[in-house]
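Below is one structure; the comments refer to it alone.
A, B, C, D, E, F and G label the chains in the order they appear, each numbered from 1.
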């Protein structure tokens, strides 16, 4: 059951990752991209959690913690930069 | 009570950002130090701790400006970076002082009444790595964020 | 601890200078250079009595930790780096184009010296890569220091091609590691004994290819003539002395020492790189009228000689390359330094705008003449013995075509050096040339360039110590794959 | 050519003879000292370069002694003459210094026992000659002459070096006596012909033999003392010296004989033809020097016992007449301000001493009886007859002799006694004593030796013995005194005839349309001219300034190298297939997708994001490859990269560089005509060579990875880390233990790299900040 | 004690808001898009200090369908983006009812009437 | 697993090299970062002996003193530092290009012809204006 | 921070170790899996929202709120499942999951706010924003707190 669940979780996370990446790439505004980036980070946290379970090493969750922290910073920083920038959509 | 100015589209410096940056900056630095300290046995260490501190600096830079963020790096980025490298170096020099090769780490168990704390030269080494990574990458990120600061200049 | 000094002395100097304000950097740098030269000399004398100095860092035994190994090859180049670092520093005290007064300049220079020193003294492949990176970053910093359009352009070209080389080097390290499980030179040497066959050669070839980029061999040399001439005089002197030499050193270390069992086809392939490098370099130089650009192309050409010495694959060839490296570092740096003085005196680096120096600055003419003779390889100069070692070995091995190229390129080198001599020294100063009438404040520059010219001359007159030393640097490795030549 | 240059030399009652004349005491003393070696010779050795088996040795035997006598004797004269000639010349100190250095180099060359030592001094003489030829370096013509002299002799020197090394390799030594002594043993070595050809290259360039003869007349740009010393009496004879030195070893080889006789003979004839084409007195003398050198070369090549004697004798004779004639030409030049024989006439009345010297030397040059030239030519004839050479060679001597007579006539008769029909300018008068005595003394010596040839015999006998093939004392067996009077008469009569028709002959020769492009001098010129062209072509090829093409060249080379490396792989073992986890599949797909995206995408942000995606995929690989530390670092770094990239791109947009990557969105000042987006040239259209290079590199790198992981991997190091991490390094995170302990030095270095990267960036950031502040 | 109670209430409402807003947004995604009518409104808040304003904005953002775009502290106004402006009135009332009171208690605006 | 990774390496490396050959300097830099990423993957995989990827992280459990059955930690350490360095290099190049763009107004690397200007009409190299910006500064400093 | 997490983990694992039995383990397994899968489904839906929703501002709702909730659910689900699988790891898991979720909760409003600002800045002009209506559920408060919404606009951004 663990395997099946992890399989589903992995697939789901990758799916979310893929969709988010598609939005990341297709834009069209910077705002869209930074929104997508946030999703990317969250999906990656899911992947680390899945790895933590699959490997039996809880320490992969630490990765998730760090990722949540710095991912947040990335989102905020990028959003703020867009917020400050003069023009409209790229 | 009449506000002094008419409604604005977007305030230039978001209150949410500055307030949360004030709160998160020390927390993130604490996390980074924690990651640094536990690095010898758990994931972490100087490099990773340093990069988390860099995230804190970036956050501060984006909230309060690059200059302010650089000013919050103790000693300033160049001196902290150089000092970190020198610290790492000096941790290696203790080895030769007791007749062991350079960069030989020494371990001493500090016997307090309650508990013994293992002290070692690994910590200053990793601390030096942490300091330099923070200072260097923090300077890069803060300066980069500062590239776009003309609105406030 | 002495083994550490090639790295730590310049590095600590750099770090302390980075800490200090610009007004107090110079004093530290003087001290650093002094200690650097003294320790490098001590190191050399140590190595002369012991075979090689080793230090297992952190006390971890050799195949496991990082080992620093300074043998005669490394010690020689370390001393070279220290001396050239000190020389260019003293030269920088004159007002011959000292370069932008930036707070980061002295730290970057000493960082570069540390990177170079690290490359010369490490006994570990990945550690070598680390020092490569340090040198690269510092070089980029020095190139970009002026922030002019020209210097940034040079920086970009330098950066792209050199980073590529560095990354390829790292890939090569990964291959070697994946195959052997080792990174230390000693363990790799052992592993190489059991390895032969094409796969091994292929993996070593990747490392050599990457080193060729650093060395500035044709056709991966474009960064060199694109970048050198944008630097200020003392820095370009340092670059000329050391940058490409690190690449040559690496090729020498890899092919001559660590992986000596690499088959002979590699040597032929290296010659196939070295010979076009010599020719293209010397022809490219003949095209130019800017002294620094002439000299930069000549650097490439001379790299060809050094690589050819390695390609010979014998002790004499390797020794010839070592002698050549030492000679070229001194002489080419000196020529670049003289170019800076010419610029200071005539206001231009372009030969079409210089002139009249033979009369106006006779001692400069003497210094240039001695160095140029040395570069051409006319006796009695260090260049003659450097070239002779390689010519002789090509003949010993019956590679007459190589001999022909070596000698023919010499003629073209002569042509270029004469061109500089004619235009800058013999020709009358053209109208509008701004020759300063008063003192030019070139005292330290004369001291340095004069000394270096005398060093070259001295080596030319009594080369035996250097030749014998260079030979001994390789003889004891017992690596000769070809028979010793006579006489 | 050189005569057109204003000399700037002192005339008439200009400053007195320079005090530098005391320097003449040095060669004079050496000259006297050298005679002490006449009985027994002198030999000395010092260890010099054992690495190459080199001793620095000095050997003064007969041949060396003759050359020493020549160098110091003529040297004394030159120093005396030069003190007068260069009086008041601001460059005189430098010239004297160089002449002294030159003398030392010459002495070193002729006394060195070691071929390599000889070579070193040989090259030194070339360099000093270059500097002396370039005395009047302000003039381009002078510089060209100097360049030519050094290029030709320098290239010859390199050839000589090759020859020396080859010979050293064959003979096992560089010591000349040993080479000579052991030549029997290795003379059949296949490398010997190559060595000889290389040696010839050196000797012929130095001694201006065809086809390298052209540089010598051009070197007449040098002041007269220099020409007299270097380019007639001494330096140009170094080639002769070398050939004479090695003659004992190779004299019996047909290659040796054939080449020397052929080249020397032809040179001696051809250069006299060229002499007739000249009007400049100094150049005429120069060509006759070339001719004499050719004769010497030929004579050395002659088999038979007389050759050595003939060579030694002619060597002496030539020095005795050519040096004074050069002095004479210099005197004429000083007095009249020209060396053009058309403008010179009837100088004898005003310059009686110079005219006398000219007569004395001219007689010798003509080989008139009672002069030493006569003795020499006679011995040469004898040597030829002994050698049984072909008639053509024998009779070439008659032509050369006749032409010499004519040239001597021009120099000694025409200039001084032939009245050109024009009145002599009043300012012409005899030169000062220091310029009169040297030609007179040497010229007179020639006559003295002609009257009493036995005076020179001890020296010449020794010299000839040294250059003779068999050391049996037969060298000097040629008894002079049986002159072929007919031949002498024919030569002199012919010579007088040529002298008489010198001008018509000159005009006739100029009318002959010789294909100029075939002359060696022209070949040299084209070679020198072609260097810049070839160089420009090379520069166009390798220094076009376009980084992408640099990268293309470099990467093409690397790709080729990698391909070569991969192609040379023997059928390797490949890793077995191991089914991957889903995230790895996802990461791979992401890598491929991102890779394709970055290549085709137009938008800058997209490009950077796709690049960031690669980093993310790498992080996934690291996570599922069991490396949380690495993944963590990758992710945090990725975040920092996002920050930096976003900042940089936003700044770019502020500058005005838009999002579209394929368009040249230049805002370069001046080109303010804003082109529509559709008109913009596409910067980076997809190109096949680039793709090919990229794919070859990528696939090769991956292939080599698959190949290299097949081991044989020695697990000792990771095992050591696994075992010692906790007990000895007190850490459970082995990666961190490696970073801070096992391989802490790497970490330290990398940390420094980071710091210095920041130092490198600080000026850039400062510049960017400064630009923002600027309006 | 009042403050602790207020804080506990706030945290509870915070988590509750998070869950409901997450699910609501998911529902918004899944239902046909044409039903939405997004837009901005402005909303003033009471005597709360800066920290309180930030907290309020955070809580507002967690309310389903709303996001605070800007805080104009000088005017004591929030600029709020709504997924559906037709529900503006109800949303604003909900926010003020649930969050303003505890925040006024926790972070009162000092130095102002 | 290594086969999949090899595919990823090949793709990333190829794309990186392709971008390096482009005229746009920004593309060049992304090319460098891609090549760097591919390099990191190669180094990472160099610990997979015979292509067999061990995915257990190299941490010694709290109750153990010897690591067993875990991934080879050496490449991890090497990659870790390489990542940080790669980041610094990419940042350096980004800022460098930004300053170039600031000065020349475009990211076209073909316009980088200031240090290597084209030849003049006679095929001779152009004279570089060799008065460096700090030249006058140095002179002024000497003056006082 | 570390003390807190250490204490939490020891406490939790001790408690769970003693009290759990096999059936509880199984139910934890199944329950955890359900929660995790529900979370991941929610995440996919949210990601899907990046395409379904009309503009960046609307997408931001999906990206922040739904994704955060989804992530929380996945983490809690996995932690539950892990507790069922191997109670000895439960402490380590729960402490870390708690920290992560705490972090997410802190980050969510800020990120959401910043994202919304960015999206707004890119998609809407100053005029549009000024024209946004003021919604006042309570008329008295409006009089006390607000100025005149229709006052002539002066761009404060520009004046700085």
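By definition in this document, contacts are C-beta pairs under 8 Å (C-beta built on N, C-alpha and C of every residue); 3 or more make two chains touch, one makes a residue touch a chain.
Nothing here was measured: the structure is a model prediction, and the numbers come from that model.
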| item | value |
| --- | --- |
| Touching chain B and also chain C, the following chains | D, F |
| Partner chains that chain E and chain F have in common | B |
| Label of the chain whose CA centroid is most distant from the centroid of chain F | E |
| Comparison of E-G and A-D by number of C-beta pairs in contact, larger one | E-G |
| Chain whose mean Cα position lies farthest from chain B | D |
| Length of the line joining the C-alpha centres of chain B and chain F, rounded to whole Å | 25 |
| Length of the line joining the C-alpha centres of chain F and chain G, rounded to whole Å | 37 |
| Centre distance in Å when chain A and chain G are each reduced to the mean of their C-alpha atoms | 13 |
| Junction residues of chain G, two or more chains touched | 46, 48, 57, 60, 64, 68, 70, 109-110, 113-114, 117, 120-121, 124, 129, 145-147, 149 |
| Residues within chain D bordering two or more other chains | 532, 536, 539, 543, 545, 547, 551, 555, 581, 604, 610, 624, 626, 628-629, 632-633, 636-637, 639-640, 643-644, 647-648, 650-651, 654, 701, 705, 708-711, 713, 715, 717-718, 721, 732-733, 739, 741, 743-747, 750, 752-755, 757-762, 764-765, 767-768 |
| Residues of chain E touching at least two other chains | 42, 57-58, 68-70, 75-77, 79 |
| All chain pairs that touch each other | A-B, A-D, A-F, A-G, B-C, B-D, B-E, B-F, B-G, C-D, C-F, D-F, E-G |
| In the complex with chain F, residue positions of chain B that touch it | 41-43, 47, 51, 133, 136-137, 140, 143-144, 147 |
| Interface residues, chain D side, partner chain B - complex | 628-629, 632-633, 636-637, 639-640, 643-644, 647-648, 650-651, 654, 729-733, 736-737, 739-741, 744-745, 747-748, 751-752, 754-755, 757-759, 761-762, 765, 768-769, 772-773 |
| Residues of chain B defined as touching chain G within the complex | 1-3, 5-12, 14, 16-17, 20, 24, 30-31, 34, 37-38, 151-152 |
| Chain A contact footprint on chain D (complex, rising order) | 581-583, 586, 590, 597, 601, 603-606, 609-610, 613, 616, 619-620, 623-624, 626, 628, 631-632, 635-636, 639, 642-643, 646-647, 650, 653-654, 659 |
| In the complex with chain D, residue positions of chain F that touch it | 1-24, 26-28, 30, 33-34, 37-38, 40-42, 44-62, 64-68, 70-74, 76-81, 83-92, 94-99, 101-102, 104-113, 115-119, 123-125 |
